[in-house]
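Can you keep this structure in mind? I'll have questions shortly.
Each chain carries a letter (A, B and C) given by its place in the written order, and its residues are counted from 1.
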């Protein structure tokens, strides 16, 4: 039942998104604008700051992700469809997992566009030569970000000032994800990849993901009911 | 207020008044001299910051598990104290660092991790203040996540810095400072308890007032 | 321990149920019983507590005191299983604007574990008289049409308890008559229907029992009320 509910919710979200494309296009464009702003701010005399690509990529992901989270739950708030999901016999954590997978999928699409852009504009072409490691770091980091972000965004759905509260609550809590993601990506920018360091950051991210998804599953029902 | 409150408050005031004297008689620390005395306020503040964080986290878990309002009051009061003592710690630290090593800020593990944890506590208060009705449960969730995050923050910040090798700028606790240090810790702990009691009582009164309003409706 | 999937109950009872938000008492010590095969009306002005009561019956809110029992079952213990026997039509329609009428119904049918959700959805659309608009996105529908789809969504899993909040809003005459006939048929089949409404003229003769609410309290409970509008005025004027 859990898996079925997750699948139904995920499929519904994908259908809705593909019909309108609103969240995907706007988030993508926003992320690209971020990178451009960073480029204009930091590229001096045609040269990008050393190692800058890693940090800026992850900042763009964090900003774009926050936007996407806000919009996804705003959609559920109209017509109160989140309430309808809560009223269904589906186990409530299934709603969380369905939303989580949807957000990760959306951010994956954004990252597919962002990585080549960052590689090009911020002189990090070497990133493209190590796709598997890069994909692993991005996947683990994005999941960590989304694990916390989905819970917080769902929690805030009926709060006032929810738009600004989401980043205020989210960013301090995902500091470890940002650090691990950036340092891991930076390790990929070195001429020689130090797999020990890379492995360490990846392991940290995966641990974070496991711990926080579990915590979210435990607390989702308690936090969402009045 | 309970009967012990006023005598305790007077005692606390007296102890704090005595701290400068007690500190003055503590032995001079060899390398840093007079400025080291700030440490006697800095470390107890840090401990109270930590205590507040733990109380808030534990109370939040209990609130999520049971829904009993008193855990929520405890968590909120503890969060406020965490922010206050955290601020004290983060201010006295750089004051000391500036005089001792010529720099206002260091990206040391404990310092950075404290800053991030402090920001989570501030976020908690912002949520309570601006989140509107129903934000008690949300705040409890945030506190739980914040508490679970501490080891991750520590580990990630620690290894983040190894690019710039750090000599351990912040020394480990020089417990040879003994007597005066524990006196200050006791003063701060008493202050923490007093403030906590006051704050929880405020919320209890509010809850009682709400109950009176409600029973008027009967 | 997972409760059996086919939990059922033959009555819903509220016992001294209260719900407050801070200082505001939304529902104050309401006691009632609604048996299978009856229609209970919740009547009262805005702010009387009707929507809050319905939310508690839908297990979305917990009472701050008192209990709500579904047969012998407590909502706190058996939440998920009970929810599969409850259908809700709310103020907000709980429909996804970007999905078609058929997709909306099939989604919720799947979520409510109906066998063959697609077929169930098609049948429901036929019943609502919207079979020809099955493939159109709900956002292109008028309010009345959306209301009809929302009603089907609420009833798609043949719930034991149907909770309806202002179901007549935006319906034209034909749809209103169809809804009333539908509710009567549901009652015959043994469902418990609890309905909150302002439309006293439309619901004349519909209720087996009516609770008149104001400020969260029951002013009067009338069995088989006649002359709803004048009864309402009398009760509200008195209270």
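By our rule, a residue touches a chain if its C-beta (ideal position, glycine included) is under 8 Å from a C-beta of that chain, and two chains touch if they have at least 3 such contacts.
As the structure is a computational prediction, the values presented were derived from the model and not from experiment.
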Most distant chain from chain B by Cα centroid: C
Pair of chains joined by more contacts [C-beta pairs], B-C or A-B: A-B
By mean Cα position, the chain sitting nearest the middle: A
Chain A and chain C: spacing of chain centres that average the CA atoms, whole Å: 38
Interchain centroid distance [CA atoms averaged], chain A/chain B, Å: 32
Cα-centroid distance, chain B relative to chain C, in whole angstrom: 49
Residues of chain B whose C-beta touches two or more other chains: none
Chain A: positions in contact with at least two other chains: 226
Chain B contact footprint on chain A (complex, rising order): 148, 151-152, 155-156, 158-161, 165, 168-169, 172-173, 175-176, 179-180, 183, 200-201, 204, 207-208, 211-212, 215, 219, 222-223, 226
Of chain C, residues touching chain B in the complex: 20-23, 25, 28-29, 215-216
Chain A partner contacts - residues on chain B that touch it in the complex: 64-65, 116, 119-120, 123, 126-127, 130-132, 134-135, 137-138, 140-142, 144-146, 148-149, 152-153, 155-157, 159-160
Residues of chain B that touch chain C when the two form their complex: 133, 210, 213-214, 217-218
Touching residues on chain C, where the partner in the complex is chain A: 58-62, 80-81, 83-84, 86, 88, 90, 92-99, 103, 107-108, 110-113, 137
